[in-house]
Structure formats: C-alpha cells, structure tokens
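Pasting the structures here.
Shared between the two complexes below is subunit A, which pairs with subunit B and subunit C, respectively.
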Partner chain A sequence: MMEMLFYLAALVALLATVLALTRANAAHALIYLIVSLLAVAVLFFLMGAPFAAALEIVIYAGAIMVLFVFVIMMLNVGEEGVAREREWLGGRNWIVPGILSALLLLELLLALRHAPAATSGTAVAPKAIGLTLFGPYVLAVEIASMLLLSGLVGAYHLGRRFIVRRERKR
Partner chain B sequence: MNGLQIPMEQVLALAGILFSCGLLGLMLRRNIIFMLMSLEVMLNAAALAFVAAGAKWSQADGQIIFLLILTVAAAEVAVGLGLVLQIQRRFKTLDMDQARRLRG
Partner chain C sequence: MSELDTIGFGLVIIAAAVGGAAILTWFERRLLGVWQDRYGPNRLGPFGVLQVAADMIKLLTKHDWVPPFADRAVFVFAPTAIVVAMLLGFAVVPFGPDLYILDINIGLLFFLGMTSLAVYSVLLGGLASNNKYALLGGLRSAAQMVSYEVFMGLSLMGVVMLTGSFNLRAIVEAQRDLWYCIPQCLGLFTFLIAGIAESHRLPFDLPEAEHELTAGFHTEYGGMKFAMFMLGEYLGLLLISCMITTLFFGGWLGPWLPPIVWFCLKVFVLICFFILLRAAIPRPRYDQLMALGWKVMLPLTLLNLLATGAIALLLEGA
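And now, the complex of A and B:
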C-alpha cells in the first residue's frame, strides 16, 4: 500500500517535469516545476529522509521558485513572447537533443541493471544530520557559507545596475 | 514514521530519467529562464540519487550532500537570475543565441 504512494509520487514528479520543460509560457512551466519539486519531497519523506523533505519544500519550492516568480513578473514577456517560444519549441529542434539524452539515459539504465539492493527502511532523524553536519562535515559548512556569500555579492553586483538604470529613467 | 524499502535501481532509474529530462530541456530550449529551470531539475535529480543512497545505508551523509546541493542551487539561481535581468536589459530578448558577444 505504502509502496504504491511512492510510485504515484514518482509518476507525478516525472509528468510534472516533462510538462514543465515543454511549456511555452514561463509562469505555467514554473507551477509545474513546483509540483514536481513537491512530488520529490514526498519521495524523500517516503524513503525515510524527513529533514530533506522539509528542506526541499521550504527552500526549493519556497525560496528558489519565488525568485523565479519575481523575475518572470519583472520581465513581463507577454503574448508575443509566448508565441515566439512556441515557435522555437516546434519541429526539428527536438531531434539531436532527444537522441543524445536518450542515449545517455539508456547507458545509465543499462549500468544500473545489476543493483540488487533496497533502501534500508529506517529513517534518519534530523538530530543525526545535525551531529554529522557540524562534526566531520564542518569544513563543508564553511565552504557552503563562502559560496552563499559569493552568490550574494555576485547577485548584488549584477542586479544593482539594473535597479539604478530603472530609477534614472523615471 | 520509518522509511519504505524501495528497490534501489528503481529510485536511481527515476533519478536518471529526471536528469535526462533536464538535460534534454537544457539543450532544447533557447530561453535562458527555461535553461535555468532545466539546471534546477538536473540538480534535483542528483539530490534524489544522493538521498536514496543515504537511505540505503541509513546514514546521514546523503542528506548532508543534499544540503550542499541546495546551497549550490540557491547561489546559482541568484547569480543566474541577475544575469537574466542584465541580458533582458541589454539585448531586449531572452534568446541565448542573441547573447553571443562576451562584451555587450
């Protein structure tokens, strides 16, 4: 019974991802992407990783996707943008990327064919994650904080001139 | 609640399919916003594989790598969306084929 939930969530994740990457309207694609991330969060929870599931919802579906929503609203592409996107999507553009990624997927599935194991079925509590994160992985935490700082500075530098120019125009 | 016992190759196959969907989207789309979304899908598929591996040995390491992937995704999206705004302002389009010059 519970295994059915897993396969259902996996199906939802796959369908939502495919729909998200084939939409012409960016806002619709974003909503499908959020559905896909929520389905992956359900997968995490069912595999016994409740902390990862909560982070997936809070940070991925909450924070990162809201950034996308803001940018799409600021850009305001409109109807002609959607029509141009639909024109780019059609026809022969699919052939080469489709063949390449299908080949890679086929190789991956062939390599995975002999992996006779299952997930353990015991959940990993957030306490164990915290102990490991600030024990052996404390250097990784430092590196992640440096990365976030450089991302912050880069985003500020790139966005600053945009904001200044918009104000001058008024 | 405890976890489920899912065959490992099915989870990894799901992660692989999601990853190749993201790769297909990255090569197919010309709009930079959709390219960033495809990158998110690919990072998410890699995170799924890590969490599944962590669940197999019931160790915390998989979820810690998931946290680090989350950090990378957040930093990448912040810088990428700043670039999107600059490209839209300079080239008046989101088509990546138009933004070929290194100095705009």
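And now, the complex of A and C:
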C-alpha cells in the first residue's frame, strides 16, 4: 500500500516537473512546479521524514514559490512573453540538455539498482532532527546562516535609495 | 478510532466548518449592527438567521461568468485552493481528548503549511483576472502574507519550546496547570496579529481595500466563485480561532463541562473578539502595515523567542 502511494506521488512529481518545463505560459509552469514540490513533500512523508515534508511545504511551496509568482506579477509580460517563450521552447534547443539529462538519468538508474527499497526507512521525529542539526552538524548550520546573512546584507545594499542620499548632501 | 470512524468524523468536521462559516456571514453582520447601534439583517426567520439561505439562493442563481480576457483555467482553479487548504488545516485540530482526525508529530507545521498554501488562491486569482486592480490586490496580498508568515511561524515556537513537541494534543495536555496565554502573552499577541493578516480580514484587508482597489483580487469574480473566496476567508477565521484556542487557551481543557463544549465556547469568544476588532479599528495604510510587520512584530517575536529559550534553559538547569 505504502509503496503504491510512493510510486504514485513519484509519478505525479515527474509529470508535473515535465509539464512545468514545457509550458509557455509562466503562470501555468509555476503552478505545475508547486504541484511537483507538493508531490515531493508527500514522498518525504512516506519515506519517514515528516519534518522534511512539512518544511518542503512551508518553505518551498509556501514561501519561495510565492516570491516567484510575485515576480511574474510584477513583470506582467502577457501574450508577447508567451510567444517568445514558445519560440525558445521549440526544436533544436532541446538537443544538448536532453543528452546531458539522459546521461544523468542512466547513471541514476544504475546507482538505484544497488539501493535498498524505497520506503524501508524508519520515521524520524522532529526532535531528533533538531538534536542532530545542532549537535554534530552545527558547523554546517552556522555556515548556512552566514551565507544567508551575507545575502541579506547584499540585498539591503542594493535596495537602498541612492537618489535620496544625494539630495540630502546638497 | 477506526479508519471508518475517522472518515466519518472528518466529514462531520467539514460539514460543521462550512456550515459554521455560512452562519458566520450572518452572525458577523448582526454583531457589527449591535456594536454600531443599528439592526443588521433581522427580517428573515428568527433573528434574521435565514438571511444566510437568501444569500445562498442569490449566489447560486447568479450567472457564472468568466471574463473573456481572463486566463480561464487558472481563474476557475484559484478560488478552490483557499477552501481546500483551509479545510485540510482543520485535520490537525484536536477538538477533544479523543476527537481528532490526524494525530501527527508535525501537527503545528502542517497547519502552517496549509495556511501558506492558501495564499496562492489570492495570488492566482489576481494574476488570472488580467485586470489592473486585481493584479495590484494580488501583489499587495503576496507581500503582506510573506511578511506576516515569517513571524507567524516564529511566534509559535515559544509554545513548541515549552511543550517540547509539534504535536497539538501534546501541546494541549501540557497546559493542564497553566494556559500558555500567560507565559506566552507576547507570542499570543504576535500570533493574533499575524492570524488576522493571514486571513486578510479587516483591519488588514488591504488586498481588497474597496476605497482604492474596487475589490482587489476578486474584482472580476462573481456568483459562486466569489462565494468560494468568502467561504475561504471565514474558514480561515474559524481555523485561526481554533488554533489560538488550542495553542494558548488550553484547547478542550476546563472544569465541569464536557471538553467539546469548552472548545466551542473558547472558539466562539475568540470569533466575537475578531469581529469586535473589525468594528473598532480603522484600516492602516499599506506602508504602515508593512512597517508594523517588519519593524515591530518581528523584533518582538525574536525577543519572545530569546526570553522563552533562556527561561526554559534556566528552569531545566535548576
């Protein structure tokens, strides 16, 4: 039963991702991408990682994708954007990325032959994840937080109002 | 509970939530009338309660129209997202010691995830309408919700720290001696504000502010599609009230009366409070709203988090 659900969610994730890649309309592509992320959250849940599943929904589907939609709304490209995208999606542009992805897929399939069954993992409680993150892996957490901080400082710098400052000097 | 019982109970909860949201549309207008010294809808049935049925008939018989310039598929999909997400959110609410649908160790995160998914309804509705007012309303709502979501989650972490679990039943059980509204009063305050902003009700209804955006993201919507947006909004109000009851006011706990009665009473009082807020507070300007979120509420939440963590560690050491 669990295995069936796992493969169903995996199928949904794959189909949604392919559709997200091939849509010309940016809004439609984003909706498929959100569906794909939700399907991945279901996969995490079935593999015994409910905490990762919840974070996938809260952060990826719930926050990052909202910002993507936000950008699309700000640009508001409309019909001409769809036409341009359709041109980019046509024909020869698929050849090189297609070959590269096919190679990766082949490698993945070969590697998976030796991996254990999909849903054999045991469930991990949120507390255990917290203890591991801030225990043996605390260095990784600190490095990630520094990276985010530098991103924040950079965004603040770019977002300053330079014109207002110049007026004050006069 | 057996699997069949759980499914039956789930259906009961869905019916109760949708019915409750419908009654709320009447109850809110009536209560606003009382506070503003006027009658409100009082003609149809006892106390005017059949007004709900009249509104339903009107909405159901309206022409279900999709504007020709709109993105049809997304336009139809958008109003359903908020209703589905909000109804799913009810799955983790513990209504009594044995009255629950889902008892998972990530209950609180599940609720946060569902409320964050509800945002798409407003966003996609605004985007698909292909209308300047709707687009502006959707944009505003995106910025508002992303900002308020940041400290909505953080404001609850104090409760999680004190309990040591994301499980909502464990959180209620941990409040036997003292409701969290006292040690977590800052958390309650910030979560309350974030909750109103998330369900974009007045005074934080800037995405649909009618004095400047006609009706915001649902300008182009009518009939049942519009009703779905309203249903989602009232479901959000109900869900937020249920969550505040569970997290800060001891859920089903209380003397003498049966647990479910206590739960409903607390939720009812909170809903009345939300409606009073609507009647009493004027709408802020949009930049004031954003400044409040980032410059006041976020630091307050972080302060609460820091203090709670320090005190929890001290108590553990003692």
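Keep in mind that, in the parts below, the second predicted complex is superposed on the first by the 147 of 170 C-alpha atoms of A that agree within 3 Å, B and C clash if a C-alpha of one lies under 4 Å from a C-alpha of the other, contacts with A are read in each partner's own complex, and residues count from 1 in each chain.
We take it that contacts are C-beta pairs under 8 Å (C-beta built on N, C-alpha and C of every residue); 3 or more make two chains touch, one makes a residue touch a chain.
Remember, it's a predicted structure, so these values are computed and weren't measured experimentally.
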Check your understanding: Regarding the shared-chain residue A:Pro97, is it in contact with subunit B (first), subunit C (second), both, or neither?
Key -> first
Practice item. Classify the contacts of A:Val42 with the two partner chains as first (subunit B alone), second (subunit C alone), both, or neither. Key: neither
Point to revise | Partner chain(s) touched by A:Leu55 [first = subunit B, second = subunit C, both, neither] | key: both
Revision key, fill the gap. Max touched-residue count on subunit A (subunit B vs subunit C) belongs to chain B
Practice item. Mind working out whether A:Thr132 is in touch with subunit B, subunit C, both or neither, as first, second, both or neither? Key: first
Review point. Of the two partner chains, subunit B (first) and subunit C (second), which one does A:Ile34 touch, if any: first, second, both, or neither?
Key: second
Exercise for review: Classify the contacts of A:Val66 with the two partner chains as first (subunit B alone), second (subunit C alone), both, or neither.
Suggested key: second
Revision key, fill the gap. Overlap of subunit B and subunit C contacts on subunit A, residues 50-51, 55, 63, 67, 72, 74
Check your understanding: In their complex, what parts of subunit A are in touch with subunit C?
Key -> 25, 27-28, 31, 34, 50-51, 53-55, 57-58, 61-63, 66-67, 69-70, 72-74, 76, 125-127
Study note, to complete from the structure: The residues of subunit B that touch subunit A in their complex are 1-9, 11-14, 16-25, 27-31, 33-34, 36-38, 40-41, 44, 47-48, 51-52, 54-64, 66-68, 70-79, 81-86, 88-89, 94
Point to revise | Residue ranges of subunit A in contact with subunit B within the complex | key: 2-3, 6, 10, 13-14, 17-18, 20-22, 26, 29-30, 33, 36-37, 40, 43-52, 55-56, 59-60, 63-64, 67-68, 71-72, 74-75, 77, 81, 85, 88-89, 93-94, 96-98, 100-102, 104-105, 108-109, 112-113, 115-124, 128-129, 131-133, 137, 140, 144, 147-148, 150-152, 154-155, 157-159, 161-162, 165
Exercise for review: Quick one: which bits of subunit C touch subunit A in the complex? Just the residue numbers, please.
Suggested key: 71, 73-74, 77, 104-106, 109-110, 112-113, 116-117, 119-120, 123-124, 126-128, 135, 138-139, 142-143, 145-146, 149, 153, 164-166
